[in-house]
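For clarity, chains are labelled A, B, C and D in written order, and residue numbers in each chain start from 1.
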């Protein structure tokens, strides 16, 4: 059930926290079906942009478009139903529940029978249950969590907890995936592992995937397109080579124009 | 109640998922037979006073199951749960005073409970924690005030006597019959509450409890889930009130006041929030323990112990008795897994 | 409640002079209050919805039942502070007791205001309330401050209990309606502000008295509860808007 | 499919239990219709002991009345047992606390009948609580002897198993109001009464007497209230010359204090409970000249039986009796008399014995008469007045039919 991956576009996006303007008139185009890296120094507004697209932050001015639909007026929930699903910088899980339950909650977007049908266990509920459990099993396998599906989430090491959230995001194969530093806290080997998994999933279920990430090497291996922000404004976009080669990006990102390592 | 859950887990987290068909069915049947054996004990062995108490435990179990769905599973703190029991009881009283039988009474109880739940749930959608508790407390007190001041309709502070339910041979004023009449809805309520753990509706509730942000991020309608939880818990409480009125044959406002709601809380917290078995253990606690104290001749020790236990359990063992059991089960399994991995 | 009930017990059953009984009662109440904080409130595990309320409910049940067991379950008349002579002041019958109550309350409010806003202790108090971590870093001994705050709260609560008891009669539960109204005023006014909750509390008192005067005695309680539902449930925009915003 | 089976299985299990349950229960279904069979001995009777009991408010706002009545009953039974008891058996009284609350009274009464297995209900104190237990007693056909629960619902044919030994509050407050109307001609009278049957009865009695001679304001009160200022303000606004009270002792004291505090001091009248010495000791100062109904003869009367009661009681307990002690004593006396007269110690025979009472004189309450369908027992009330710290009899207890 994979729809064609839509393009995501923001026009003149401005977000204010009181007087402070976290995003200033940002217009970006996210090419459909790509894995897009969102980079920029701390406080550049990366998470705020993610929040604005996913509907978790009120937008002062401007608009957000996914495919041909204008989502600006929709709340976070209805954007999720429209296929825009996100992860969080600090992992948000159902702490006292099993890995499987945490992943199954992600299937909320898929057509579910009515509350009464579910409560009385009618056949439609059992069919939906089988479909969801199968989807969960598949994504857990992909992320190597199959063996842990009955463990309580608060017993897992930090790295696996991150993967559980990623699984929750991916289980309903949404068309737009927003991940906020999914590799934070992973060691080098874990990062490579995550990158290969995300690429493999992206190949099986094409979607427009945005990843906020600081690790330049990870962005280069994982992303086919990069957008750079600096202090709430759009800086540059393009292929990883173009963006990382740009003098202004180096200035903002590394504090000086890089000499040798273009 | 022997614990039947050494290997497996009841209630939430018992995701059927990868478990193959065989043991799942076997586990369910063993649990069913154990429940049937325990359920058969009171009518055969106890004297009529203790059967009357057993019948009350069954009625209160339905109420604690309802509160468990609302607080244990969805994390909504309501201090009006006993008031919903009151709604059920007084609807039964009014309907039975017009001479209608148990079927009409039950239908009326469900309808009135749903309406009452909407009246409480809709305005309080955006509230949580302390504020929600305070507003539900206000609704509960308002209902108690209405009952106290409509003496001609509800008997007011004097209470009202309710004629027993008669189904075929069974007359609910006889303790054994009352026990059996109460058992059927209780079994159905328990099965449905346990089943809830394996549905998306059940998972939505857990998400609303633990992290509303993540819930919204995957498309869960937080407001609608809260209302569903309120509706289910109110209907459970209403049915419990209907049975309570039939079993005791007499209802009065103090049975459903703020303290009654607090004691329902004690039941769910001590029994084990979020689990069906916990709700039954909690119901047994709030009905049987006061009796034990009156037998020991110290009736007012119960609130002292009840209060102390509520505070201590909430601090030390937040998941209650069942949580304790499950915790030990998990540590045992993890120790065993530990050996397997190192071996 | 503990202060007033134990004070009544000391002076009526054991014949202690009233002032001594009052002081002992207040002391007893402060000890219990700090013990509650130390034994329970500090140990509440995080991450469970409403667990703090469940713990406080348990403690509430415990204390009222213990006091009922220690003293008795009946309501008793409490001595009035100062003579009971009544004078007509502009149509309103006021007794010395009422005068004492009003004066003492005003003194406490003023004292609290000065403490909070004018003294250095006040600023560190407010800082640690705002964010304990930063206050700790700035050298404020948060732990000692916390015990001091609980003790001060105990004293004020004890005095309030004695004032209320002098107007009504005293038993294990007489303070519950007052507690609920205080909670309501705190919720509506916002517990982090000073004058707003106070003015809401006064307004609530006047509102209830008016309801009783106009609609008769049984109208008191429902008027208050209806107010909470209307205010808390239907007007929560101001409190809730920042709730689902995710900080960077 | 597996889940479906489980649900059907669970429901079937419930139903099968239902079926098995029926078989067992069809047999014994409650005692046969009431009739006296001398050989049969009712529950609670062994060859050495007869168990009787009741519920009374031993805590909460009604405690003063309950504790006094309990002491009176226990004193009488102790003396009776010392003199050999009844029909060769000692009487064991069991009194449980109902905190003046109907639902607690009903639970405790169920425990008395089913667990403690008492033969009969011996007396009781307080109307709203006792009324809570009456439906249960009717269903179980347990006779209740002389409970102090004046109410128009008791003493008539609605509850045939309850034998009353007091006038109901309609008559009591009719007499009080008539007495006031003879002395004075108040334009406005107020009544503050326990919400429910008690308050309604008192209001009915006052309306019967007042007809259209004055305006009546009725304020219902829930027992155990602590803040009486609202009621006091409402009374002051109505500004009646007389305020009649029918509340528990503690609540009456609380209200009088609240009224005094806002400077409203009308003349007052009250039900018989205020004639008790503990009330006068604690709240006498506030209740000067309060008119009080008298259901039991004054402790100072020179009636021989009253003097004998005072000496016996003081000998038994070592302290002078109060009104509620007197009440408890007479309740036990009537119960013991019924047990003496009963041919067989079964509930049926006790009922027949009770129906044989014809102007039975106890000296404490007016002569008691019960019959086949007469459960009223007495129909006389006197009036007293609180002066200083004691109760002066203003009108002797005489029959209403004069």
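Assume a contact is a pair of C-beta atoms (placed from the backbone, for glycine too) under 8 Å apart; a residue touches a chain by one contact, two chains touch by 3 or more.
Remember, predicted model here, so these are calculated numbers, not experimental data.
Visitor: Starting at chain B, how many touch steps does it take at minimum to reach chain D?
Guide: 1
Visitor: Where are there more C-beta contacts: B-C or C-D?
Guide: Ranking B-C and C-D by C-beta contacts puts B-C first.
Visitor: What chain lies farthest away from chain D once each centre is taken as the mean of the Cα atoms?
Guide: A
Visitor: Taking each chain's centre as the mean position of its Cα atoms, how many Å separate chain A from chain C?
Guide: Between these chains, centre-to-centre, one finds 48 Å.
Visitor: Give, as an integer number of Å, the spacing between the C-alpha centres of chain C and chain B.
Guide: The separation of the two C-alpha centroids amounts to 33 Å.
Visitor: Report the inter-chain centroid distance for chain A and chain D in whole angstrom, where each centroid is the mean of the CA atoms.
Guide: So the centre of chain A lies 74 Å away from the centre of chain D.
Visitor: Using Cα averages as centroids, what's the distance between chain C and chain D in whole Å?
Guide: It comes to 40 Å between the two C-alpha centres.
Visitor: Give me the residue numbers in chain A that touch at least two other chains, ranges are fine.
Guide: Residues 56, 76, 88, 95, 121 of chain A each touch two or more of the other chains.
Visitor: For chain D, which residues are shared contacts with two or more other chains?
Guide: Those would be 3, 7, 59, 220.
Visitor: Specify, in ascending order, the residues of chain B that touch 2 or more different other chains.
Guide: 149, 195, 198, 209, 213, 216, 300
Visitor: In their complex, what parts of chain C are in touch with chain B?
Guide: 40, 43-45, 48-51, 53-55, 57-66, 68-69, 73, 180, 183-184, 187, 218, 221-222, 225-226, 228-229, 232-234, 236, 239-240, 244, 246
Visitor: Which bits of chain B are touching chain D when the two form their complex?
Guide: That would be residues 21, 24-25, 28-29, 32, 35-36, 39-40, 43-44, 47-49, 52, 148-149, 151, 155-159, 161, 168-170, 173-174, 176-177, 179-180, 183-184, 187-188, 190-191, 195, 198, 248-252, 254-255, 294, 299-300 of chain B.
Visitor: Okay, in this complex, where on chain B does chain A touch?
Guide: Touching chain A from chain B are residues 12-13, 15-18, 192, 195-196, 198-204, 206-207, 209-211, 213-222, 224, 228, 232, 274, 319, 330, 334.
Visitor: Where on chain C does chain D make contact in their complex?
Guide: Those in contact with chain D are residues 68, 72-77, 80, 84, 86, 88, 93, 95, 97, 167-169, 171, 173-174, 177, 209, 212-213, 216-218, 220.
Visitor: Where on chain D does chain B make contact in their complex?
Guide: 2-3, 5-7, 9-11, 13-15, 17-18, 20-22, 24-26, 29, 59, 97, 101-104, 106-107, 110-111, 114-115, 128, 131-132, 135-136, 139, 194-197, 200, 220, 222-223
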